[in-house]
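Just below is one structure, and these are the notes that go with it.
Per-chain numbering from 1; labels A, B, C, D, E, F and G assigned in written order.
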Amino acid sequence: MSLAQERELPKWKVDEVSEIEEKLRNSKTLIIVNIEGFPADKLHEIRKKLRGKAEIKVTKNTLFLIAAKRAGLDTQKLESYITGSNAFIFSNENPFAISIFLSKFKLKRYPMPGDKADEEVVIPAGDTGMTAGPILSTFGKLKVQTKVQDGKVHVIKDTVIAKPGDPIPAEAVPIIQKLGIMPVYVKLKLKAAYHDQLIIPVSELEINLDNYVAMISEASRNSLALGVEIAYPVPEVLKLTLGKAFMRATALAGEAGFLTPETADAVLSRAVTKAYALASSISGKVDLGIQVPK
Amino acid sequence: MEYIYASLLLHSAKKEITEDAVKGVLSAAGVEVDEVRVKAVVAALKEVNIDEVLKNATAMPVVAAPAAA
Amino acid sequence: MEYIYASLLLHSAKKEITEDAVKGVLSAAGVEVDEVRVKAVVAALKEVNIDEVLKNATAMPVVAAPAAA
Amino acid sequence: MEYIYASLLLHSAKKEITEDAVKGVLSAAGVEVDEVRVKAVVAALKEVNIDEVLKNATAMPVVAAPAAA
Amino acid sequence: MEYIYASLLLHSAKKEITEDAVKGVLSAAGVEVDEVRVKAVVAALKEVNIDEVLKNATAMPVVAAPAAA
Amino acid sequence: MEYIYASLLLHSAKKEITEDAVKGVLSAAGVEVDEVRVKAVVAALKEVNIDEVLKNATAMPVVAAPAAA
Amino acid sequence: MEYIYASLLLHSAKKEITEDAVKGVLSAAGVEVDEVRVKAVVAALKEVNIDEVLKNATAMPVVAAPAAA
């Protein structure tokens, strides 16, 4: 966009560009978010949740790019993400921390026809507040038992009309909405973060904490195994080392046939295990007159 | 796993797992540090109860059937 | 476990596990280094095929990871 | 199991497992010898790699772990 | 293991495990008998409930190693 | 493992596992004793219920590790 | 198990397992030595490839049997 074009911008646009430029200059982290089809009221909820951590702003892509260039961002790296409808998150926190934060709270909304339930949809027992009328046949279709009391529809017992993953029946949508049930989750679709002149694509930005738990477990198991191997003298390792030494002693006693009352179990078990192994190796050919445990 | 070992070392030494601390340990080990990975590890580990995970990892006898990856 | 973590960090980064390397890593983590222990661990690890040990350790069924809170 | 123990005793003592040897051992133990069974056992064991069988048997009872999918 | 197999042979044949009996079986197998070991084994077995031990030993599941996935 | 075997020997003989006792056993075995290591092992074992550990070691069935998925 | 631990200690320290060596270690541990047992253990271990046995004993990770799938 040329300077000539910029000069022609109306004042509100000029102001908005300045505001974004200011935010960009004051933020270490920028996250670009796809908000196509994202409900405006939910964006407001997110804005509230992020308060103190980050700001979220919806703006036109053209204005954002002007501001980004002015703020000294590497717009070449950004451009491919600045398509469609976007919101921009500005923060001074670690971009991964923001991503984890956003993934942790579930935003819910009313269903629209064609939606699938993200959680169980239960029509609760009791007064629905709805006036008895044609709506009764809708309840009937949904197999929700009702009765009419004082002209209002009462549900007789809690009734599940959709399980997680099930499509929500289209005729149920108005009832669900009236009852204030929000069984569909909305999630911001992160596109990428820009931090320290680096683009972090969503594939890296979204963190699966289970993987980290698994990695720590693995590191811990490796450390214990290595510790046992060198008899590293701390209690957590020694417990395992003692067990290993004991098993070695038992195995050695058994294999050597060193019989004492203490080693009798190991020795005799070993001998019998061997005997049965040998017996079973010929059991197809010889009737030994015994039962070989399989 | 370098980033995990570095973090566990800090944890074990009762130091906070910060970006600078992890970078310092990795550099001392001669590892070329990837800034983005450090950030990811530090942010992720903030959300993980490391002591709990370590306790379970040691409790080896209690093993669930391996979940298919 | 700091000395083990430090050693595995070095191993994982394909660096040699020497006394100086272990001391460097531990110091960077803010751990007060016990010279004797460093010597003992480094000497003991010299006699171990670490890759082999780790292979057996990770062959263990994976303990059910507690869901991260 | 007497015939098996007698055979294992001979094998363990590095003696050949022949009909006469097995009969001798069994008699010494006061066991009334069944000629047919001795013949059958000795013949069957000739076709078995006893060391191999014992080696595998010593691997302690091994319970099959659920195969990871 | 000769001393053990000889003892188990006697036990299996429902004979008493005495020093003489064990020596007799071992000699019949052509084993040069070590008096001390015979004494040690017979003395130790006196304190052991062999049937109990064998019952437990065979109760252990003996299953082939799982095929690696 | 020498320090561990020495400790288990003492435990098995119902003797207290002290630094002097461990040193005595190791010396008798011709092992050059590392004072620091003895201290470390004895101190660490004080925090371990050895009987409990051994009981569990025997109770544990030995399971072949499934190949990691 | 004292006799076995004493033998393992010697083996681990790369010393020969002789009657005198075993007696020396046991005495140092305050164990009243039973000559017969010493002779028996030394004789029995002579017939065993100890390294082989130890390798097999510990190659297997020790875990509780998983619940049958």
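In the analysis below, a contact is a pair of C-beta atoms (placed from the backbone, for glycine too) under 8 Å apart; a residue touches a chain by one contact, two chains touch by 3 or more.
Here the structure is a predicted model, which means the values were calculated and not measured.
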item: Numbering shared by both copies at the chain E-chain D contact, with half separating same from different; value: same
item: E-G or A-B - the one linked by more C-beta pairs in contact; value: A-B
item: Intercentroid distance (Cα basis), chain C paired with chain B, Å; value: 13
item: Inter-centroid spacing, chain E versus chain A (mean Cα positions, whole Å); value: 59
item: Mean-CA-position distance for chain G and chain D (Å); value: 27
item: For chain A, residues that touch 2 or more chains besides their own; value: 209, 212-213, 217-219, 221-224, 231, 234, 236-237, 243-247, 249-251, 255-257, 259-260, 263, 271, 273-277
item: Residue numbers of chain E (touch at least two other chains); value: 1-2, 5, 8, 40-41, 60, 62, 65-66, 69
item: Residue ranges of chain F in contact with chain C within the complex; value: 34, 36-37, 40, 63, 65-68
item: Chain A residues touching chain C - in the complex, by the definition given at the top; value: 209-210, 212-214, 217-219, 221-227, 229-232, 234, 236-237
item: Of all residues in chain C, those that touch chain F in their complex; value: 36-37, 40, 56, 58-62
item: Chain E-facing residues of chain D, complex; value: 1-2, 5-6, 8-10, 12-13, 15, 21, 24-31, 57, 59, 61-65, 67-68
item: Chain F to chain A touching residues, read off their complex; value: 1, 3-5, 7-8, 37, 40-41, 43-45, 47-48, 50, 53-54, 56-58, 60
